[in-house]
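Each of the two complexes below includes chain A, the first together with chain B, the second together with chain C.
And then the complex of A and B:
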């Protein structure tokens, strides 16, 4: 008999969730299409004024990516609660927080990473100068996992409530404010040719904090959700 | 019998669970030794599922004491020793029985003396190993979940209505699994309305009252 080692359990968790994401890949295309359509709407609404679009490009792409992430967020634990997988996860000998961390990672890889990948395309549609693209990508690479982690805590807290999608948005969007400020600050600074490392470093610091704390909070919240 | 094995696997003293200050079931006393099977009996709503979820560690007892191998129940002490199979089977419908099993063993550990193919064969799912569960019948989904009983090492099985949705052969399969587990020194707690038809001796009966 072999006990499940921690690395094996982490790998199994990651593998299963990525496999599930692949089997449901139709769902994964939604946030990407949503982001593309929203960004396309801006020039129609504001007119093809190059200077104006360039000025708002960074902010529009960031906010669009955040909103698109919100679409996929409330599904993070929903099916696991419904089919009893979460119970089995809680009963497993592995630390729940670590397993949930793996779930969040898989969710980020499946839903947020495609958005980061198409971000340069979205930015290009709004004529963001190519010099600002590295700052945008780095800011998104730090901001999207941050939102996945914050979102996971809120999803865990609202687990089991009906119509949690709207509640989730209302709770998460205020928490996004600092993330948007620092990410947009980095892009704006890069656009002006100024050093943009400081706001990105703030995002990095916040991400490290959340990587440690968010899975623990998630685990506590989901245990409470089951214990009722 | 040595001193170590004479300590009951699971022991409950005046165990009860309250939901919003209302007791779900009357206080319970029972002991379950290794190699024993206990039937949890009671009407609908008498708290059978609640009791099993409580013993698995998903709920916290409101009153009374619960001992695991003679020591107060603790999550870490019995993690990996208890296998809980509830109404929700904990299986992903997009994955096949084999993928679900491989994931479960990655999480809970596995026995080395049996292969996944042999397990699928035993539960009657040979040839359905890679078919997504979504396309299988309710009974076949149940069989896919029962396959975990064969593959995962656990001293205590907590089975909530293991006979639900199963045909005659499925019921015989559950009985065979129970008899084998008990003969190998494992313990089982089964909740069921129906006749069990278990041939490994007279089971202990735990009667639930709301």
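And then the complex of A and C:
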């Protein structure tokens, strides 16, 4: 049996996961619908006061995207654990961290990217000034992969358990506090016409750190959670 | 190799030896905790003079500050023993890490409650979103996450290892809690007591605080010994040494 080269293995992994996601397109729409509904609820709850909605728009969109991602996070490894393909992946000759990195990338492309695409619409529904939209998009583009990477580590940790939904939220929310702070800081600064690059740079730095470390941590966590 | 570590320290890693050791240590630690706690509380609540600005309200620090220190100290203990549990797969390290978590969570909770009780008359608010308070709250959530993850597994050892991993990830928060008053401009005051330098606090107020610190440390030791003993018995239920203990206790 010949051993597939690393780039080919990565591409195959990515293609498989994206294909699986595409076959279940209905599931992909769920986080987006959820985000739209949550954002629609805010004007009903707070009243259609323009100034108030404008002030909270950035934060609401960020938190909504975060919650929508949390909703989809649970499914990251679930089907692979059920049919045993994750165990095959652990046994495969290719480095597990790299393969998991590909899975995380596929998951981000399938669930977080649609949310980022729809974010300007959500922001528009809450009357966020158009000048703040680039900051929002850039912050989301850096913050959502961070959440996917952090979330993947925790999902891997809960891989061996039955009920993980609420537990996942309890574990992820403290870890994503800095992400929310910096992303919201960037949007708020852009809204007031201040330079907003510094918080975005912090997010970028954190993302680089996580891209390197999180797949390794994810692999270690999966090994702990799967050996019974 | 490593002859400077006496043999009994290695032996302590074995559950039956630790069980006996913890049983011997626990009464002394509990006695010390009660004694030091009584002295410290008397010194702090009765002997120490009232503050010239805050009056008697400042006295809550004799509970607030020691438990805040313990909330970080216990997390550090949990992180280190969690690391040992993952690297060397020591059963005892898993037990110590997992049994530390509820104690640490309790200390963190006490810190938050006493802090907000003090904050109402002094700052005029129960809670404010400043860096020290927020990071302490995050610490509580981390403790709860570790406890939750531990109990989510059916296999206790596997749960302990997974939760240890989470604890190690969360260790990053401990320096953030500690340095939050330095890095950010917070409503919470900076540190007054300095271990390695001159403390900005009168001795009359300082000594009860230090005695209370000793009391909380001793209480933690006593509580951990008790919890670890129970946990070891449950974990090693089928082993010979547990049966011997059970038989010895059954025949008085």
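What we mean here is this: the second predicted complex is superposed on the first by the 226 of 228 C-alpha atoms of A that agree within 3 Å, B and C clash if a C-alpha of one lies under 4 Å from a C-alpha of the other, contacts with A are read in each partner's own complex, and residues count from 1 in each chain.
The rule we apply is simple: contacts are C-beta pairs under 8 Å (C-beta built on N, C-alpha and C of every residue); 3 or more make two chains touch, one makes a residue touch a chain.
Please read all numbers here as calculations on a predicted model, not as lab measurements.
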What does the overlay on chain A give for chain B and chain C, a clash or a fit? fit
Touching partner for A:160 - first (chain B), second (chain C), both, neither: second
After superposition on the shared chain, which partner residues are touched by A:171: those of chain B (first), chain C (second), both, or neither? second
Please indicate which partner A:19 is in contact with in the superposed arrangement: first for chain B, second for chain C, both, or neither. first
Contacts for A:83 in the overlay, against chain B (first) and chain C (second): which applies, first, second, both or neither? first
Residues of chain A touched by chain B versus by chain C: which partner has the larger set? B
Given the touch rule stated above, what does A:227 touch, chain B (first), chain C (second), both, or neither? both
Angle at the Cα centre of chain A, taken between the Cα centres of chain B and chain C once the superposition is applied, in steps of 10 degrees: 90
Minimum C-alpha distance between chain B and chain C after superposition, to be given in whole Å. 8
Of all the chain A residues, which ones make contact with chain B and with chain C? 227
Chain A touches which residues of chain B in the complex? 56-60, 79-80, 82, 84, 86-95, 99, 102-113, 132, 153
Please output the residues of chain C touching chain A within their complex, sorted ascending. 86, 134, 138, 141-142, 144-145, 148-149, 152-153, 155, 158, 161-162, 165-166, 169-170, 173
Residues of chain A that touch chain C when the two form their complex: 153-154, 157-158, 160-164, 167, 170-171, 173-175, 177, 217, 220-221, 224-225, 227-228
Residue numbers on chain A that touch chain B, as the complex places them: 1-4, 8-9, 11-13, 15-16, 19-20, 23-24, 79, 82-85, 87-94, 99, 226-227
